[in-house]
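Across the two complexes that follow, chain A remains constant while its partner is chain B and subsequently chain C.
Presenting the complex of A and B:
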């Protein structure tokens, strides 16, 4: 683990240096990302301006939900967003076979190569929204810290999606549009669970634990949901376990597809 | 080579990647379903900003279909041609880069109409009961706006793509366009829920033609910063096409002297 973390640190440093080779491009991209991810919080503010909003959930609670999710997504994307891309590229070019022959953990190696600071704009916009939301919603900074810690389960969920999509890429090749489905998952997670039909709501707690990404932690911290709901945090752990299993299962069925 | 042959050539190429288009049949409904649930919850207490549930759901379905209609990646293509030096292969032929990429767009969007727009329209009608095949507003103005947005999006993409003659990488520039598109096109929310000062800015921007103008003309409820005459909006759209093409012409002239044909 220590060895892997050291490699991860070296790769992070390399990723920063290679991105800095095109400083103007990185700056524009960062600004674009930062502003683009402020669109949803602004949309929520606009919605509260023209309607009664989402029941008991105040505008501060909604921004807390958005900020928590963006923070977690940004953190995950910085470490893993290249996973699908690199896997897809390797499978298409046939170099994935070489990786499987090497005496390294294939997923670990791909993760080392997946660091990309492209999404630092998302992380920072999430942080900005989160801080503003903490002030507006009136929760204490200790509660905010607890929420930030609970966001690690959201990171776990988004990491599971990346691993799952990378595995699907190995199975079906050239499915880069899978990135869209991570966006869709985040969109569903950005709103309180009670707006969805009960069947979907149950699905979002258990099989596809979108609610655990933000709704349940924020709901518990702001007092909209009972503490016992935190028990559902087991589902992102199970989801991560499933995606890692699916990845290994995919490798056992891999028959090479370069070209 | 006749333009129609070029379109046919590109069509044969893009149809190879039809699975890419077919994924929209899954992602499209998921995208507009979330808006359906959000607005159902918001509208539980009555109309919001003049929108009934059926109208707002139709708006978001239209927003999605319009984006499939005018989606464009010519900017990325121009960058790739310049960086790889493969532009040589195109300009040595008796055609222009503009003709090559515009024919490609027609082929690609033609397939998008068949594999994305039509199936998703039928899905929206079957599941949400929204009709996106019969306009409630001025049909001629809507048709004119469809043509305008198709050309305008292409011209803008070409203009951004031409930055590749000076910048090595235009990815950042493309990313910078995303927030402008999100805030000022109407893809995330109808522009008339913006404060009045922001509506004035949105009205004069070319981005309103990407989603808001055609969608609300279709619905027969176009209103932005006090403007409600749809034909003056059509004229404004034509004006933007002319302005962007003039800029593109100027940039192309300078770019041809800049290009060295060796890639970067």
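Presenting the complex of A and C:
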């Protein structure tokens, strides 16, 4: 882990130096990303202000939901968002092979090499949205801390998606389109689970554990859901386990490209 | 001491079968048909510590596949590989620490920053102490004469300059064994020469063992202690360059342009093609007539304006190998 962190730091510094070659592009995309995500809570206040929320869930609760999701997505993006496009690029150029020459864990090194700072904007805005939500909803700082801790399960879920999609990219030389699923997942997670038909709701807790991303942590912390619902947090752990297994399985079947 | 033993290595790929026409295109969406491509077939050889071994063969022969299996990138379909006591694919993480690898068409360098910055990644990946790292880097950089080059962004370098930097990257951790896949591809003669000298130097100085693939006879002639010829995934020859020459002949392809009508000597020249009265193309058998004598003979009659001498393509050599076997 120490070795990995050191390499991460070296790659981060190299990535920044690479990026600095295109300074304007760097700062523009950073600001753009930041503003785009900051607009989310405003959107929610406007939308639910009109529609009077979702049953028991007040606007404050809805903001917490969005805040938690953005916090988790931002944190995940910090180290993982480059993963899919970087993998895609390497597979297409045939340089994925070179990664396997490094005397370290392949997935770990892929994470090292795909670090991309554009998404620090996403992380910052995620934090900001979360803090705004905490203030408006009026929960205590202890509750907020608990929520932030529970967000680590959401990070697990998003990380699993990245790993799964990176593996699919290696296996099927696929498209960057997969990346959009992550956005779609976040959008579905943005609503309280009780608005979905029960079959879908069950699916979102178990096989595709979207609910743990925001609904369950926020529901439990605000008292809308019983504590026992936290048991469902096992599913993102299983999901992560599955993605990592699938990644390793993909490497054993790796065929490189001709030439 | 053998550091590589490959026994009966085979590698097959499953490739989707493509037929023409709309109907079969639609069919293939639902039921893909695969065919098996035998990239490497029952290849067996050994390499001793300190050797420089050349894998020679035309495009698509299976050279890169062998290198990928040797470096732990690909799993063998069947057969056994032992390198430095490791099984490369299953013990990849521990194994690759001891080897170096360079792929002529794939870059290890970060594109937008100077190679000197990229090198620091190797320092940390292989946990080389700072002072030792600087010492090795300076040694390699000096030997290749690229002191200034390593401070320019990689994307501004010529192919030859970049390749020299790739060598530094591949050797910083002092691997005992280095794999080079087409290290001279696309390089001009000067860069080729510099890289060949560098390989010979590290081989002598540090005892580095090299396995290199090429379809350039010159690489083999100037570098390799031993040559393994690969054709259609199979090993068809494994001996010294001198032995290869004995079987495949010592021929050169020559093209000459002259001032007045060109007159060629009778001995040692065959397959003559007169492109014009002043230009001819032919095969020279160097065992019968040397290049010096050839030039002398032509120049006696008329002035030479242009002269190109090239090696016969690998395909010709392989054809001769098959002929000799039959």
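Convention: the second predicted complex is superposed on the first by the 244 of 259 C-alpha atoms of A that agree within 3 Å, B and C clash if a C-alpha of one lies under 4 Å from a C-alpha of the other, contacts with A are read in each partner's own complex, and residues count from 1 in each chain.
By our rule, contacts are C-beta pairs under 8 Å (C-beta built on N, C-alpha and C of every residue); 3 or more make two chains touch, one makes a residue touch a chain.
All of these numbers come straight from a predicted model, not from anything done at the bench.
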item: First, second, both or neither for A:2, with chain B first and chain C second; value: neither
item: Which of chain B and chain C A:256 touches, first, second, both or neither; value: second
item: Contacts of A:28 with chain B and chain C, given as first, second, both or neither; value: first
item: Touching partner for A:95 - first (chain B), second (chain C), both, neither; value: second
item: Touched partner set for A:180, first chain B, second chain C, both or neither; value: first
item: Partner chain(s) touched by A:188 [first = chain B, second = chain C, both, neither]; value: first
item: Which partner, chain B or chain C, touches more chain A residues; value: B
item: First, second, both or neither for A:10, with chain B first and chain C second; value: second
item: First (chain B), second (chain C), both or neither touched by A:38; value: first
item: Doubly contacted chain A residues - partners chain C and chain B; value: 22
item: Of all residues in chain C, those that touch chain A in their complex; value: 13, 64, 68, 71-75, 92-94, 96-97, 99, 101, 103, 105-108, 110-113, 117-118, 120-121, 124-127, 153
item: Chain A - residues contacting chain C, complex; value: 3, 6-7, 10-11, 14, 17-19, 21-22, 93-95, 97-98, 100-105, 252, 254-256, 258-259
item: Contact set on chain A toward chain B in their complex; value: 22, 24-33, 35-36, 38-40, 42-43, 46-47, 49-55, 174-175, 177, 180-181, 184, 187-188, 191, 194-196
item: Complex contacts: residues of chain B adjacent to chain A; value: 17, 19-20, 23, 27, 30-31, 34, 37-38, 40-43, 45, 48-49, 167-179, 182-183, 188-189, 193-194
